[in-house]
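Order of writing sets the labels: A, B, C and D. Residues in every chain begin at 1.
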Amino acid sequence: MKKKVLAALLSVAMVATLLSGCGSKAEEPAAPAETEAPAETEAPAENEEPAEAPAADAGDMSFEVVSKGLQHAYWQAVKKGVENKAAELGVTVNFVGPDSESNIDQQVQQLQSALNASPTAVGLAALDTNSVMDLLQQAKDSGIPVVGFDSGVPNAPEGSVLANCSTDNYAAGALAAEKVYEAVKDRISGNVRIGVVAQDATSESVVNRGLGFIDKFAELAVADGHTATVVGNDRYISDSKCEKTEGANVVIDVRVPAQVTSELSAADATALMNEADTIAIYGSNEHSANGIITANGNLNKCGTGEGQIVAAGFDSGAAQLQAVRDGVLLGAITQAPVAMGEILIETLYAAATGGTVSDTDTGCQWYTAENIDDPEISQNLYE
Amino acid sequence: MTDKKQGNAFTNNPIVRAVGVQKIVVVIVLIALVLFFCVKSTSFRQYTTILSIMDYTYYLAFLGMGVTFCLITGGVDLSIGTGMFCYALIGGYLINQKHAPVIVGILVTILCGLIMGTINGLIVSKGGHAPFLATLCTMMIARGLGSIITGGASITWPVAGSPNGWTRTLFKIDMGGTKLPLGFLWVLILAVVMSIFLNKTRPGRYIIAIGSNKEATRLSGINVPVYQTLAYVISGFFTGLAALAYSSAFQSMTPGGGGGIELNAIGGAIIGGTSMNGGSGTIAGTILGVFIMSVLQAGLPLINIQANWQQIIIGVVLIVAVYIDVLKNKKLA
Amino acid sequence: MGDVILTMKGIDKSFPGVHALDHVDLEIKKGEVHALMGENGAGKSTLMKVLTGIYSKDEGTITYEGKEVEFSNPREAQDAGIVIVHQELNMLGHLTVAQNIFIGREIMNGKLIDDKRMNEEARKLFDQLGIDIDPKETMSRLTVGKQQMCEIAKAISHEAKVIVFDEPSAALTEAEIEELFKIIRDLRDKQLGIVYISHRMDEIKVITDRVTVMRDGGYVGTLITKDCTKDDIINMMVGRVIYEDPKTESAVAKDAPVVLKVEHLNAGRMVRDVSFELRKGEILGFSGLMGAGRTETARALFGADPKESGDVYVNGQKVEIKTPQDAVKCGIGYLSEDRKRYGIVVAKTVAENSTMASLENYMKGLFIDKKKECQVAQEYVETLKTKTPGVDQLVVNLSGGNQQKVVIAKWLVRNCDILIFDEPTRGIDVGAKSEIYQLMNELVAEGKSIIMISSEMTEILRMSDRIVVMCEGRKTGELDIAEATQERIMHAATLRD
Amino acid sequence: MEKIKQNAIVKKIGFNSLVLLCVMILLYIMFAVLTPMIKTNASFVSYARLVSALKYAYFLGFLSLGVTFVIATGGIDFSIGPVMFCAALISGYQLTSRGWPLAVCILICILVGTAFGLFNGVLVSYAGLPSFITSMASMMLAKGLGSVFTKTQPVSWPQSEEPGGWYRNLVGIKAGGMEIPTGLILLIIGAIICAIILNKTMAGRYILCIGSNREAVRLSGVNTKKWETLAYVICGTLAGMAALFYVGKNTTVLPGLGDTMNNEAIAGCVMGGTSMTGGVASIGGTLIGVLIIALLQEGIMAMGFQIHYQYIITGLIVLVVVWADLRSRRRRN
């Protein structure tokens, strides 16, 4: 029995040491100016110069930023933008995100916890607006300003979200569709298949990037006198606005793997590229684009030449940049994550200091092997 | 009692007995499966299909080989799926973020596997924990560790063509436009080595003995905890290798991912005739079983089976395989 | 017969509650086969376990090849040349014969195991022994007899100087025993010391040179085999003072109704065509040596193990007993020989164990009526005189005798009319024993019927009204208590095909 | 020490539970002290934080209570998390897409859980499959079925003001700015009912006894298979109920998820003194164990850490607790 008591106490001690242990090496910019020797890893630049004279009360300001995750290079870039700006303004920011873009419950818990910390303001990229409805109301009631980012917080209760520094995922998907359509429109004769690899059918931003592509592509095809339909994943079929025609000659085939692991998205990309009538394929985020690149590693079918499959990606990351340079991918869409992070903090700061805030669209760009090194583009690319 | 143990003419055939009935059945199922996919899908009939099957085979085969040793001792290692991701993340993090030489990244990846395997082994053999519980805990630990070290970011090992991208050619080499699944060679070599290890060396022999009758093994003067631990160390080592195979075949590893992959590997081993009760199992069987899993994984999307159905199919395959194992053991008893 | 190779002197060993060995002596010479005899529980196996280091001794000395030794594990004993061929086979079923023989000391070829040479060596061993076993065969596919031969081959391959055979013939066929004897004689001619533990009187006469008899953990004496008769040995084995007078005649009326009738029961190798009847108010003793198939018969009858064929009639009605549930419904209760594994749930209380088989009678709607449960448990604690601080005491804290009473209470609470007592007093001290006996007598007086399986001759003779004797799965005798003697029972118990 | 243990009140509550309660309070104090030290401007002590920790404990609590029954029989159920998700998806889909009445959907939700429990129970007790691998396979089935049923779409249960939003009152009722934690009341009621089932009914008695000594129970003429199956059915049913509290808190459920919940639910149960070897279970302990886990999560978040730390800590705690259990058991024998 004594052993049990001991064990119980041991667990507490363990938790304590673990937490204090991680406390010291945590990379959260708890108070960048004061921390004597933070483990400088990610962004050495930000700590080198002391922040320029911060506003009088900036040091007391703390922002909670709840993102959709941290896995993708995209989110890492947003985080970088947030941290840069925070250091510049001298405010405290706590940047958190769930384990994956499917873990709604974790995000709810994180947002709840963020509100409980009574921060000056909260930045939120909601995985699912429905699930945070009550919490937004709570934020409103307790007077904590909320600013949406990334896909923002659509349909939020009136007055709870002050502004959105968002990027229009649907429009970004549509841009990809335009570019891909441009490249393949002359090859659309008889039955053709357009493949779409999506990471999941659940996260709002991924779904919108997919739907934007599907709808735009179908629209363009129909405008040119073709007929179009969507097959594959049920969610994309039911949510796309495309007029589905029986026996259409342009088939948009959407595949979604069971889990967010690389080998499964590669399997779906392989299946799509193996279809004899596939002329184009689109991966709607870094993860899916990587799946296409992996599949092409075996199949060697991607390119712009005769009989090859035109491939397009989304976001960046080392593998994708390489693939764009090599011509495996025709191009990819990039949003402006670093800028988004910076603008988010600016907006939060403005909201906290009583300034006026307004919606911002941080936009998106199409990049190819030609313009990949343009400074305008490359500032938004990251490995 | 003796009569029951004598099979029919088929099972008593010396060749059949040397190879094992189950393996022959698995080969037949495998061939049937391949034929089925070939008939149902034109794209399955291409050379490139072999390449993508191989991509799944590499890491599953490594995981399967490792976990076979645990299964043979009568245990199991549930940490392999999550562990594989965790080690690959740590290795990749060193290469990408810390600019360590690739070789260091590789060694660290394998080392992580070895360390985790040793921890598993010690918890099971010295701590006396039930293997599934012990490895469930280390699975949780591996899951958290991978995320913490990379700060939650996913990691891509150097891509093919980049200066450090040579790791990728370890498994797939470009020979004048045709890609050759070089990794299969490593799988084969390791399978042969591990077969010899299992059947022809003392540690291998003792691992089988422990699974067959732990007490009798102890009474034969064999240091049971050492060899029991060794089984988990081997599993950890192969998980490290699987991490390399995975990261070179696919692009990115997400922190916290990899859960569920262990079921494919364990399922492969059981299909290949390794018993959940310990004492029996072969590397060749595991490789065959893993092939069934990887052919399913590559083939199901090609015949337009959506992902959610794939999970159900693999779940059912798993239950059937385990049930056959249970029936087999009942017959032996 | 040559020099003395092994001497055990004044060996004493106690387990909690049991004085297992009481200053036992044993002396083995080179080139002799030395029988070690005694009833079940006389301490033969314990003595051998002390010799090979599985148990440590409390007192006494072991002298081996002129030096005093103390082995701390079987491996050390093996290395020194003392090997035991176990009663329960220590085999690794998944490995081959040769792999089993050489486990722990494989023949190596560099870093690899040289299975080919191991097979050859094993083959040589078998040739030497004159047995035909394929060294490459998987162990679990061999018959029990062949497995035994492998154990012997393994022992010999250790370059043993002393080999202990612990009931080697129990599972063997006639032909296999012949083979075994041939081997043993060969070994004797090679000047090995052999200890042969067996119950079979005929074998002892055939194969051994000397006999040491043990009784109740004590040393009785050593005889030269050829100078004594079978009866001499039996007398030494059973010759203890019988504390209570044996029952002289059956207490059951001749016309008492038959409550249980078993016809042609078959269940595996250990239960072959067993038929018997049990009358109301009768204690039917089941006697026999270890491995006679008594427990197996009881378990098959009770539905605990599947049976192949046979009819069971309870109170004249034919019943189908496939599971213990069926048996309990028919009013049969079974008290296992292994209480801890099959009888009680040690982590539960006396009350909970008492109502285990009849919980449905102690419900108040959906809930267990704990008050009623405790009441009935208390009632039986009092009638059975169970020593426990209270009915909420965990059974694990009770002594063996009191645990047994809890199991009895379980079946009495269920109100079973037919009770099977399997070794009811095993591991129970003397005082508690007589209480259990008294209890059994009270039970039959109340009109219950009891089947009592016992390996203790005194117990059988003291309690039974009628005795069924079994040997190797068959019923080899049925004696009324009036005509039963220890000798007659022992004769029936060693009556082989 | 002995004196405390013999105290009548202590005995009634259970010494273990008391120790756990102390651990919980210690943990709370620790977080209260550490939070402001690690994160500036942060505090841990507030009603809001308490409520948010509790909300996490509701669904986890029901899962944990359920799995306590299975662990009491000496088995394990790794499918509870995905089953909870599957139940929420199927019933939520009926509620939102088909417009079925709420009451019917709540019933469906619970019945889906029951069905999975029955499936697991039959496979484990009647077919004799090992529980951990069976439940892992049915975990895959649950994930797959949930996705298939909803066509991989997320299901958002109604908001409180919408029709059919009444179920949210199960978690909490807003009354004048304060939130009444109805969930806590229901969880406690659930725990009391579970405690009654476990300790006062025939089912509970036999479930515990099976875990302690299955063979002895069988030889007492008890239908062990039936009761063992019932343990899984209870577990599944409670997982179905947990689903209601999950959606009550999180509104939206995604297909193909839920395996992380398993580990935490099992951890809560093991921490509460339920022995992995079966036979010993404490509902009160489970309840406190779950609260500790919820507290831990809230604390980690309050200090501004990523969620990953929780995995590692939970894994370590389970190892230590099980180790202590094994030690004390060994000592007793």
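Basically, a contact is a pair of C-beta atoms (placed from the backbone, for glycine too) under 8 Å apart; a residue touches a chain by one contact, two chains touch by 3 or more.
Bear in mind the structure is a predicted one, so any value in this text is a computation, not a measurement.
Undergrad: Please state whether A-D or B-D has more C-beta contact pairs across its interface.
TA: A-D
Undergrad: Among the chains here, which has the CA centroid at the largest distance from chain C's centroid?
TA: A
Undergrad: Please compute the C-alpha centroid of chain A, do the same for chain B, then give the distance between them in whole Å.
TA: Taking the mean C-alpha position of each chain, the two centres sit 33 Å apart.
Undergrad: Measuring centre to centre with CA averages, how many angstrom lie between chain B and chain C?
TA: One centre to the other, that is 45 Å.
Undergrad: On chain D, where are the residues touching two or more other chains?
TA: 143-144, 147, 152, 255-256, 306, 308-309, 312-313, 316, 323 - these are the residues of chain D that touch more than one other chain.
Undergrad: Quick one: which residues in chain A touch 2 or more of the other chains?
TA: Correct list: 22, 70, 97, 99, 233-234, 256, 258-259.
Undergrad: I need the residues of chain C touching at least two other chains; which ones are they?
TA: none
Undergrad: Return all touching chain pairs.
TA: Pairs of chains that touch one another: A-B, A-D, B-C, B-D, C-D.
Undergrad: Over in the complex, which chain D residues touch chain B? Could you list them?
TA: 76, 123, 127-130, 132-134, 136-141, 143-148, 152, 255-256, 259, 263, 266, 276-277, 306, 308-316, 318-319, 322-323, 326, 330
Undergrad: Which residues of chain D touch chain C in the complex?
TA: Touching chain C: residues 196, 200-202, 205-206, 208-209, 212-213, 215-223, 279-280, 332 of chain D.
Undergrad: Would you tell me which residues of chain D are touching chain A in their complex?
TA: Its residues touching chain A are 1, 5, 15-16, 19-20, 22-23, 26-27, 30, 34, 37-43, 46, 48-49, 52, 55-56, 143-144, 147, 151-154, 156, 159-160, 177, 246, 249-257, 260, 273, 296-309, 312-313, 316-317, 320-321, 323-325, 327-328, 331.
Undergrad: Which residues, counting only chain C, touch chain B once they are in their complex?
TA: 73-75, 78, 90-95, 99, 103-104, 106, 108, 111-113, 115, 140-141, 143-144, 268-269
Undergrad: Sort out for me which residues of chain B touch chain C in the complex.
TA: Those in contact with chain C are residues 1-2, 5, 196, 199-202, 205, 208-209, 211-213, 215-217, 219-222, 279-280, 332.
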